[in-house]
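In the part that follows, the structures are each spelled out as structure tokens.
Paired with subunit B in one complex and with subunit C in the other, subunit A is shared by the two complexes that follow.
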Partner chain A sequence: MTKYSMYSKMIIHALLRRRSRMIVALLAIAVGATVLSGLITIYYDVPRQMGREFRSYGANLVFIPAGSSQALAEQDIDRAAGLLPRDKVIGIAPYLYERVKVNEQPIMAAGTKFQEVKKVSPYWQIRGKWPAEKSSGVVIGQEVAEFLKVEPGQSITLAAGDGTEQKVTVEGIVRTGGNEENFVFVDLPLLQKMLKKEGQISVGQVSIMATEAELAALSKNVETQVTGVSPRLVKRVTQSEGMVLGKLQALVYLVTIIILLLTLICAATTMMAVVTERRKEIGLKKALGAENRSIILEFLGEGLALGGLGGIIGTVLGFFFAQAVSINVFGRAIDFQPFIALVAFVVSITVSGVACMIPVKIATDVEPAIVLRGE
Partner chain B sequence: MGLLELRDISMIYGNVKALQDIQLTVRQGEWLAIMGPSGSGKTTLMNIIGCMDKATSGSIVLDGLDLSALDSKSLTAIRRDKIGLVFQQFHLIPYLTALENVMVAQYYHSLPDEQEAMAALARVGLQERARHLPSQLSGGEQQRVCIARALINYPMLILADEPTGNLDEANESIVLGIFEQLHREGHTIITVTHDPEVAELAERCIVLEHGRIADERKHKSVVREEKGA
Partner chain C sequence: MFWQMLIGALVRQRRRMFMIALTVALGTSLTTAMLNVMLDVGDKVNRELKAYGANITVVPKAASVLRDLYGIEANSGASAQYLAEADLGKLKTIFWAHNIVTFAPFLETKAVLGQGSDEVVLVGTWFDRSLELPTGEVAETGIKPLKSWWQVEGDWVQDNDSEGAMIGSQLAGKLGLKTGDDLDITVAGGEGKERLKIRGIVNSGSAEDDQVFVPLSVAQKAMNLAGKVGRVEVSAITTPENELARRAAHNPKSLSLKEWETWYCTAYVSAIAYQIEEAVGGSRAKPIRQVAESEGVILQKTQLLMLLITVLSLIGSALGISNLLIAGVMERSKEIGLLKALGATDAVILWQNLAEAVTTGIMGGAIGYFCGLGFAQMIGRSVFGSAVAINTMVIPLVIVLVILVILAGSIPAVRMLLSLRPAEVLHGR
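Up next is the complex of A and B:
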């Protein structure tokens, strides 16, 4: 038998045959690792989750015509959209604004794609239903509905400045508490045709999952590559998003550090108790001729094995903990992140190794004579 | 010159003189018993001989090597290589089997050898109990494991502290039988005991009182031998 296999045997048996004692130590490390792994997962997932949350508050990037131009070409918007990371884009809603008349009353009309509006502005409250694409159905703002005294299902006639008329059906009435309540939202191609502005839009609203810095970089890229488009960040959204995320991450970071310290103290205390109750065994080993190095390696081996096992348990439980937090707080599941699992595992081993240092130092101070004195 | 030479050994703890000017020679192959009442300094003397403590003054020479000049690391090496320890309370590692307990001493000494450890257990009649944990062994069996462990590295000196102190009569007899056998084989043994019957088996017995050697007795056979010579 080699020295290494005897060493492994001693470590394994010390852990397995002293189960009740070791389970306490294992629990201390596993609980710490669970919270740690969970918090690291949440720490890294918060921007993603909160990013999604923020995206329900509307666009964070708008495309407006560059220079003195009053309109954007639809194909420019498509080119600009092609420069954005597809998996991060929630939606791109084009708008063509024009004043029209309804019953001789001037009303602002906005031609748009309803499917995209649903994605970019999920906070819109619709009474009735969303119109189908390429239909003559419209959504009107609450203010307009009250002014015209119309309800979903009724028809109104829109008149352009040149007298062109278009009969449309009110499918839904929108409430947002904002300017949208003063608009009539029409299917984009229908309004473009009516106004003879095919292929033109006034503005493009983009909802994209990105930090303020990422958005700034994307904007710069679009501005450089698509000359007709001038991208603008919606500062009130991006800045408050960045601020809230920063504070939330700082909070989770702080809690993670505190948990790490608590785990360290808990593991060190447990290991110290383990060492104290094994003073006689240490004395015996020294009496048998064990050098301090051997004693240190044995206790460190036990500590690291516990740390490894506790780390694996903690990493798995931590994922479920983070999953439960994510589902309950954000309403969305998270993906297993192998890198975070590896970090939590390594941190657990390191923490238990460091926690072993003080007790191991005590272990080497034990005098072998205590075994003969029978203390 | 004996295997072990103690010259003017004194041990002082604060104001307490645990040992005073001990002069003792133990020759190769001798069985020496140390007797004395509690607090007479028996254990302190064993600790010094066993390289687990250093005397306040005096010199101790084992196999020609002056131990009083050595540091703690070197004393550990001497303890590992030259001394076999048998304890009153057995002191087996509870989570290792009898066989593994013997192999631990090999592990710290050189290389663990299962066959050799098994042979040591067989020598004390425990080969059938080799895979049992200490908690599954009787007191006598545990002490025999302790003896097998003490012998496994072929020590030149066996130190036994009250080896039968925690045993019933039947087990005491078995353990003493092993010690007699070891003595016959030429091992040098020092035994601390309260039991006159155990001391009676040794060739020589010293009695400690208040840290001094108060009396020294030789076994009848030794006396006879000396007279004959």
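Up next is the complex of A and C:
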């Protein structure tokens, strides 16, 4: 017992007596640990966050009617949606397509839920505003607007094939550069009622955070469990996402490794410098009859204590750094990862231990007289 | 005397100086690598995002409304409804020509396959064509580079293969066709039957799976529209849009002259579309928002992320370097105490130390710069498969940073040095 209390006393005193030097070493280790824990947290979190950003490309899974049928039942879509992981789904937008007459001109109408469209297709540029839910407001495509010469706020008349007419207000004009510009978008229940197709839709667009493999598994699951729905991957979106996201991950990975390597070497050199300075002390101890082993143990104890303290400080700072990055870049907070904290802690202890062992080993191998003479 | 002392110190304390040089070299290489990667990452990621395909479509001015709304195919050869194939090369002559990665023309019509099947969409296009430009350069164009996500079973059709065709996987499944089969095609309204051979089956996961693809010249002949194109899809590298670009997209004429110049000379998707309209007669170029907007979002996020990581690594290496300098001064406190006791002024000691630090730092920095370039290339090669552009702007930036860090890092060391009391230090406290 007394042996250990002497040991810890020596270490604590060595640390306290040489305050300024120890602060320098502690700082070096803490910087290393900050970079370490911050970067690993970012590396761990980037794929998830980036995956969410990639959802701005819109739907990556579509539900179409199975077999030769032309329509999907709304409850089938709801059942299929129930099979998808809730926290990963960004939005599910149903569409019912039918040719109608707008101001006596034949134009494609799409019935949909605007709330979901906003989530699934964030790239829609709306001039005017989105219609309120369950209103008779519509959004029309840019091409249709030019063709009919209508502006937001004006009203138009929709007519179904059997002559049912409905007066609606144009709330917004959408620009996408794609096919959407040729459509009139109407609230889904309104169009269903006009066309007497209650409960029917043509397509369901799903935007969900998942890799291509996960999507394939999900769609297989939906296909077998919900008859009448045939899920299909939007290859252009899923495949490209996999490719680009993979590259981004590899980028962050490599950058992380390089920064870590260099920072840890940096921390280690400082640590070594601090220990090298004490060669005389080692020589003196040896001259007084200390064994190499006890000298090494003492320095190792100091190194580990410094490494542990620096590791804790660095882990905490690193988490805050990662948090700041995540909030600034992605606008979302991240969770504390105990595993990463543990890794950062262990690595900083190891690095500081190794870094102080190297100079001690060199000093203990030299004859005390030479060291004490200062060569 | 100063020089003698300086050189003497450098040589005598080889080990310590080596450590400082090493740390500076590490810090510098980190800075160099990160700055180079950060400055180039936008361009690199932008190229990767081209995997999402075209971000601009070019359509004839008059046709867009009519054909899209009514499905009317004016086969009468009204020239306003089509673009001229000969004009395509002009796409690569606009101000931002280098930003146009690739493009492909399309000419679509309805056709009947075999004996009285349903009507399908027949698409004439370029598959993989090296287009010679008026400037003498060669541009890689066609759907092979444009639609990188296509999975093709069999072969791509050659553009000069007047009998080749590719067929969508859904359609092939429906009709029970496979690679190598013959395909009889009757174009809607036309009388002649074309006999084609299926070279490959396309799986794209979209409406294209129900279409038939043939070389552009075949479609032009069948439709009797020599030299005409219905639509061009362009994939261009663009700058994320801002407020100015959005205003310009609505109406370029609403900008002041200065704003207009800024807009025109920036690679906004709307500016490139505008320039395409200028270059190709009777055309209308529309940005595809799905691709253009998302690109902007992802680019900005990536750049910001890299910027923050770079800043972190810079701070880390700065602290590391300054830390080591402090440790160095501590180590030599006795020597400095002796110098002071012998009557050296503070200024002399200061100069001596700074000169040592800067000399070692410069040597370390030079080595570090080249190591950093190596790291940057390593990242570029393994992640993006291409070299990272070496930005000369980084060199002065790194020099200034290294000197600043060394000087700033020396401040605590210098303060310590000046406050040293010879008697105390020599006494060994």
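We adopt the following convention: the second predicted complex is superposed on the first by the 356 of 375 C-alpha atoms of A that agree within 3 Å, B and C clash if a C-alpha of one lies under 4 Å from a C-alpha of the other, contacts with A are read in each partner's own complex, and residues count from 1 in each chain.
Quick note on the criterion: contacts are C-beta pairs under 8 Å (C-beta built on N, C-alpha and C of every residue); 3 or more make two chains touch, one makes a residue touch a chain.
It should be emphasised that the depicted structure is a prediction, and the values quoted were computed from it without experimental measurement.
In the superposed three-chain model, the partner touching more residues of subunit A is C, compared with the other of subunit B and subunit C.
Once the two complexes are overlaid on the shared chain, A:A273 sits against subunit C while remaining clear of subunit B. In the superposed model, A:E151 lies in contact with neither subunit B nor subunit C.
Within the superposed three-chain model, A:L251 lies in touch with subunit C and out of touch with subunit B [touch as defined at top]. Judged by the touch definition given at the top, the superposed model places A:D335 against neither subunit B nor subunit C.
When the shared chain is aligned, subunit C comes close enough to touch A:I42, but subunit B does not. In the superposition on chain A, A:E165 makes contact with neither subunit B nor subunit C.
When the two complexes are overlaid on their common chain A, residue A:D78 makes contact with neither subunit B nor subunit C. The contact sets of subunit A with subunit B and with subunit C never meet. The touching residues of subunit B, counted against subunit A in their complex, run 43, 46-47, 50, 52-53, 73, 76-77, 79-81, 85, 87-89, 91, 93-96, 100, 103-105, 107-109, 111-114, 133, 149, 161. Here subunit A touches subunit C in the complex through residues 20-21, 24-25, 27-28, 31-32, 34-35, 38-39, 42, 46, 50, 53-54, 56-58, 105-107, 121-125, 143-144, 146-147, 175-179, 181-182, 232-240, 243-244, 247-248, 250-252, 254-255, 258-259, 262-263, 265-267, 269-270, 272-274, 276-277, 321, 324-325, 328-330, going by the rule given at the top. Touching subunit B in their complex are the following residues of subunit A: 1-3, 5-7, 9-10, 13-14, 16-18, 280-281, 284-291, 294, 367-369, 371-374.
Considering their complex, residues 15-16, 19, 22-23, 26-27, 29-30, 33-34, 37, 41, 45, 48-49, 51-53, 56-57, 64-65, 68-70, 147-149, 151, 203-206, 286-294, 297-298, 301-302, 304-306, 308-309, 312-313, 316-317, 319-321, 323-324, 326-328, 330-331, 375, 378-379, 382-384, 416 of subunit C touch subunit A.
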